[in-house]
Amino acid sequence: MSSATDRLSTATGRIDQSLQPLADVYNRLFGDYFGEMNGLQFVLIFGTAAALLTAPFWGNFGLVRAMTVAAIWAIFAMSWDIQSGYTGYISFGHSVLSGAAGYTTAMLIHNVNPELSMMITIPVSILAALVVGLLVALPSLRLTGPYFSLITFVSVLIFYRLIPSFSQYTGGETGIQSVEVFTYDPFARYYYMIIPMFLIAIVLTLIARSNIGLILMSIRENEAAVNAAGINATKFKIFSFALSSIPMGIGGVLLVHFGGGVDPTTFIVVDRSIEMIAIAVLGGMSSILGPLGGAFFLVVLRDYVLTEIAGFPSPIRWTVFWGLVLVVLVFVRDGLFRKLWHGLDRFGGDRR
Amino acid sequence: MTDPILEVEDLNVYYGKSHALKGVSLSIDEGEIYGVIGPNGAGKTTMLNAIAGFVDYEGAIRYDGTDLATVNPQQIVRDGLIYCTEDRDLFPFFSVHENLLMGAQFRDDRGAVQDDLDMVYELFPRLDERREQEAETMSGGEQQMLAVGRALMSDPDVLMLDEPTLGLAPVIIQDISDALERLSDQGLTILLAEQNSTFALRHAERLSLIETGEIELAGTSEEFHGNEYVREAYVGVH
Amino acid sequence: MGGVGGGGGDGTFKIGHLGPTELQMGRGAERSAELAVSELNDNGGILDRDVELLSRDTGGAPSEGERVTEDLVQSEQVDLLVGTFVSEVTQGIIDFVAEMDVPFVITGSADPATITDNHGEDYETYKNIVRTGPINSDLQAEGMGGYASYLNEQHGFENFSILADDAAWTGSFRDILPDEIESNDDLSVVHQDRMSVETSNFNPFLDAADEADADVVMRFIAHGGAAAFTSTWAQNEYPFALEGISVPGMSPEFWGATEGACLYETTSQSGAGGVAELTDRTKPFVDAYEEEFGGGDPPSKPMYMGFNSYDGILFYAQAAEDAGTADYESDLDGIVESMLDLEFTGAAGEISLYGEDADYPNDVRETRNDDDIISNFPVTQWQEDGDGGVVECVYPEPDATSEHVVPEWI
Amino acid sequence: MSLLEVDGLTKKFGGLVAVDDFSFEADEGEIVGLIGPNGSGKSTVFNCIMGRYDVTEGSIRFDGSDITDDATHEVVNKGLSRVSQESNPIQEMPVAGNIKLFTLPNKLTSFYGGATDEEIYEYAARIDIEDKLHEMPDELPHADVRRLEIAKSLATEPELMLLDEPFAGMNQAEITELADQIEQFRDEGMTMIVVDHNMGGLMELVDRIVVLNNGDFLAEGTPEEIAENEHVQEAYLAGEGL
Amino acid sequence: MISAVYALIAIGFTMIFGVGGVLNLAHGALIMLGAFTYLAFTSTAGALSLPPIVGFLLAVVVTAAASYALYAGLVKYIEDNIVITFLATVVVALLLTELIIIQFGSAPSQLIPVVSGTIYLEAVGTRLRYVQLLAFGVSWVAIGALWYYVTKTDEGRSILATSMSTRGAELTGVNLQKVKSRTWLIAGAFAGIAGVFIGTLQSTSPEMWLSPLALAFIIVVIGGIGSIKGSVIAAYLIGYLETASVEILGPSFQGVLSLVVLVAILLMRPNGLFGRELVHE
């Protein structure tokens, strides 16, 4: 057993050696900001990035559509991660943030002026996500542990129940469907989603690898120690929520222009929040790129592999899907992509 | 002399790669106070944890003739081998009184439990004053008293105390000293792990000195008192 | 990507059917669509092309609905879309479908806004979308008003209570129905309330209706709580009749699901649950359905959307034949024109569409009897049948299979 | 003016008066011992100073400014820090990371500030754990965990350090070593207040001792005076001490 | 009335959380399982058609067993990681939902009441079904018995003790495995009872797990995690607020007012009404 892995790692080690020079160039330039990697890891990251960027040229319609949706969910999961994954304050309420952005766009168009340009609606919507984020964060962050999770959960319920109460503005449970889509062309549409996703991934990774990330993680492990270090933990908790709200807002805007409208089930219901958590945890919490990978894994599995490839009817499809998720959760608890990453670390040769 | 009540034979404990206990053996007779001293990280706690069944080990530990490897922790407790840990492990939201009751939760002899309760309250009047206070809000020393008190509530045959004087004021240490002597006279066997070597040397009839996982020295308290090295490193010259 | 759309003269004619096939309503519709397709194929297909049915589960959720619709249109390049039960789903896909020009026959959701907000605003864009049934809920509300007068004639009921789900589809019943009822001077609406879709305890609502002396409670309910509503009413023997629309109550299996508590309750449903001979087509269709699916998973009858999906497909097939083309990319206008011109007899009734300048362009017309009362809006009631229960059509009178019965405890 | 002035401090927990109108001060460069029986309120006093507990009554001034109602991080940023009775390192980070956290500025925009590796090494070296920088806290023996706590505290560059039972769980040799290091800090200009029950270690280290009993001030004086004080003997020392 | 059933659900949920630190989101699924087991045993259309009371007992037993199986077969291996456990239990709930759809279909059903009949309460102007009274009675008896058990008996106190310190429990001779198994059995039995009543008074469908679960979650946090007394009071508070908000603001605001009040309560008492103070001020 171990000799087999040994042999494998000599082989992979050699591959790794040959890639190392490339990785080294990267490490010299960016290692300080994003962390260093070995040759195999370099290939994983940049290979995947290249594959993602060229998907429309090799994927078919169903796959590309699934990946388009995955890109949006990757944004949500990464945003959730920078807040919940890093600080350990697990939010069940992130769908409210994307919902705030989506609803702002739709309500501006529906109630204010149907001709409003995206140049106005998009920034206003992102701002709305930020405002709602602060609105949720300021009181909630006084609470800890499950109490915090609950209050964020309740915030979803409140928003969800308010929507029918103000149905003349919100469109009630049917929502508002009069939003312009970016485009119906499935290929162009993909790039509308994937490019913001990449930018957000880069920015969030930068932040997560900086002191800010260190402080957020320390809050998760020991908040008292953070205060004792002379750092205002509360300020950073709120900051992480705000930091998370902005990309959530961007994701919400993308989603509303993807489907051409809002409705509570697509945007608000707590299932959406739970999906974000599942994606992030499955990919690997507190790693930013893990959740990104998790999104592509889960959404492609759900919307493409199990439907178009396997062609399961719906209850079977969901049974298989949840069964797989359960298996991954139990056996790969640190997340698929963290596992993969460390695997490459092991199989790579010695560095330097 | 009777058979030893607690025997440790060639005990080895590993934490991952680090070898925390390296072939430790000792045997404790019924009714005696046995001291284990040694510097920080020597492995005292590790040894007690192994006896209580909290860490995996190699070697043999026998209590009253039976090999503990096959006995689960709660059965060890029911058989009268009680462990008062360094971390205290109190029930933070139970009151002082409830904590003490939990110490006796497996006992059926109601009357005797009441007597023990009275005994503990008498030993630590502070606990008596604070019967209803939640354990978590007690001061460090008060919690230590409660931990010792709870262990006594289990009506031990053998009591393992890990640093019972930690964080206690000299007056209280004095009280505990008296209590240990009294209980020992009543036939209780005590295994005492201490940094406070003065305290250990005062009470233990026999001791072992553990350093980096190995027994460096074993003997009676007289032998320890007479030992130059022990005096210098552990008792301090005042 | 580009070259979307079939509609060329050759190859199979693909029909995409959309519905929540996890639900009985959706499954009934899917099966009915299958029956329509095999009937078409038996008769030489559409414009001599073989017909193929691609059924997709929308899960009742807009995002899933959008996904499967895009797949049907972009990837499968279907020639026709049929279905959608949940209004959210219909609205979620409607802009996309309008953009793609593929003909879309709505057969489930009855929301008038689907038509008024779209066709009403911009007919040109939405003209490829039609609804062949059910009649929209504005018209249904008017029909209900007629039914209220009928109940008054039959049993002397005067006081009505309206309890509606707090949901968009009940809007017409909340806004139009009270006036419709009270337009008959003998009748009054004595109590009216909305019930949140999360309501699970119906006692307070029924108590209030009771207190207001209602003779009839008209409830409009579409979610799972309907069963609880029914049994709360039946077990407590509230002294009023239970009428209106209950979507779960349309299930042929509702008797078993409520352990018989649904006895005496009624619901309106197009197709009349398949128990009445509405047209010549009704019986053959229902028989075919029962023969094919009667013994399997529920529903054992097509349910209303089944009728409409069956009719919708055949309706379009006829229109395409009339137009001589199904190539919507080059001749959408021709197809639409021939749909608007078509007078078609379906299993659920006569189908013809309103024209561009009507209030409800491209929407199915109601039929009216001599008294100008809407008649393609049958009401069915659960009645006793030995130990079990049976669905009977009780209204309108010409189609009725049995008299309307009042609960024995009143 | 003293560096730290605690004036009429009272802390109640419900009906329980843990600290009762207690006043004391520490001058710059001093090492003050704070002793008293278990539960006499020593840790509570520290908690009040550090802003961990709200003060019921009284005031606390540090370096001339009122810090009674300050939050912990504000107090720390003014130049106070504490080594608490229980160690609580972050288990997921190595020693170096634990120290680094304590050097980070309290700013949302400082992405790459904080101490350099050399500076971290320096902090660790002052308390002799520079060889352990890459170990994880749960691999360290108890005494080194305590040292890590002190290193963290040093990393905030305090003017005044509160030490709660630094000698607990250490043997004589270790106590002597630690006491020497604490002396060293004083020579570098730091003021300290030390709570401990280990009279041997404490008496040699401190300039002055304040005794608390039941939340009340009991006595104050040089170690010798205290050791001979009858009240202190009775309430606390029971013949121990010198 | 039904608040008692809610309290029962919340207590089952909070016990599991208290003892194992496990947010068991499959608790709602167990309730559903209870209802469907009862349906399978008693439904007149089914093969068995057992008398309701027998079906009731069987449903409770089956649910308790399922709850135990969930612990022993899954949760035991992952309970040290709270996020994983929380997600895994949601996934279990979703899986069970699909299995129930495959087996029973997705249409809602109505259970045969354990007892039938109804009385009219003139004074309050409402009708009350005997099964409502029964639900109320059974729930209270169960809660009372549990309360006595955990506060007045050593064995029961061990359950609370284990929730505070596992090591402490071991040191005092508590059999951890037994305590946890027992906790899951009790919580499961409670879910079974609640399932039959919820299924009877409301409806039995593959979606029925979510709202009792959300409710339990809210009740538990308002009452304070780990507190039986808190759960009962919070359950009644919620029940009252739900009704009151309908009356004050109208049905379209149902639930919103109560949620807002709850948020306010939490902000004033960050550990719920009877929660343990985790941070001292």
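Worth a mention:
By written order: A, B, C, D and E. Residues from 1 in each chain.
As a working rule, a residue touches a chain if its C-beta (ideal position, glycine included) is under 8 Å from a C-beta of that chain, and two chains touch if they have at least 3 such contacts.
Protein names from UniProt, one per chain: A, E = Branched-chain amino acid ABC transporter permease; B, D = ABC transporter ATP-binding protein.
Given the structure is predicted, the values throughout are model-derived calculations rather than measurements.
Connectivity of the assembly in the absence of subunit E: the other chains, held in place, remain one touching piece.
Path length between subunit C and subunit D in the touching-chain graph (shortest route): 2.
Any chain that touches subunit A and also touches subunit C is listed here: E.
Among the other chains, the CA centroid farthest from that of subunit D is the one of C. Between subunit C and subunit E, the centres computed from C-alpha atoms are 38 Å apart.
If you average the CA atoms of subunit B and of subunit C, the two centres end up 78 Å from each other.
If you average the Cα atoms of subunit A and of subunit B, the two centres end up 51 Å apart.
Subunit D and subunit E, compared by their mean Cα positions, are separated by 48 Å.
Looking at subunit E, residues 101, 252, 254-255, 280 sit in touch with two or more other chains. With touch defined as above, residues shared between interfaces to two or more other chains in subunit D number as follows: 13. Residue positions 161, 164, 315 of subunit A each touch two or more of the other chains.
Partner subunit E is touched in their complex by these residues of subunit C: 22-24, 166, 193-196, 198-201, 203-204, 206-207, 211, 224-228, 230-231, 235-238, 248, 251, 253, 256-261, 297-298.
Within the complex formed with subunit E, the subunit A residues making contact are 90, 139, 142-147, 150-151, 153-155, 157-158, 161-162, 164-165, 270, 274, 277-278, 281, 285, 315-316, 318-319, 322-323, 325-326, 329-330, 333. Chain contact summary for the complex, subunit B toward subunit D: residues 15, 18, 39-41, 86, 126, 133, 137-142, 144-145, 163, 166-174, 195, 197, 233-236, 238.
Only residues 60-62, 65, 69, 161, 164, 167, 171-175, 177-178, 181, 184-187, 259-261, 263, 265-266, 303, 308, 313-315 of subunit A touch subunit C when the two sit together in their complex. Contact residues of subunit D toward subunit A in the complex are 50, 71-74, 76-77, 81-82, 84, 88-93, 97, 100-102, 104, 106, 108, 110-114, 152, 155-156.
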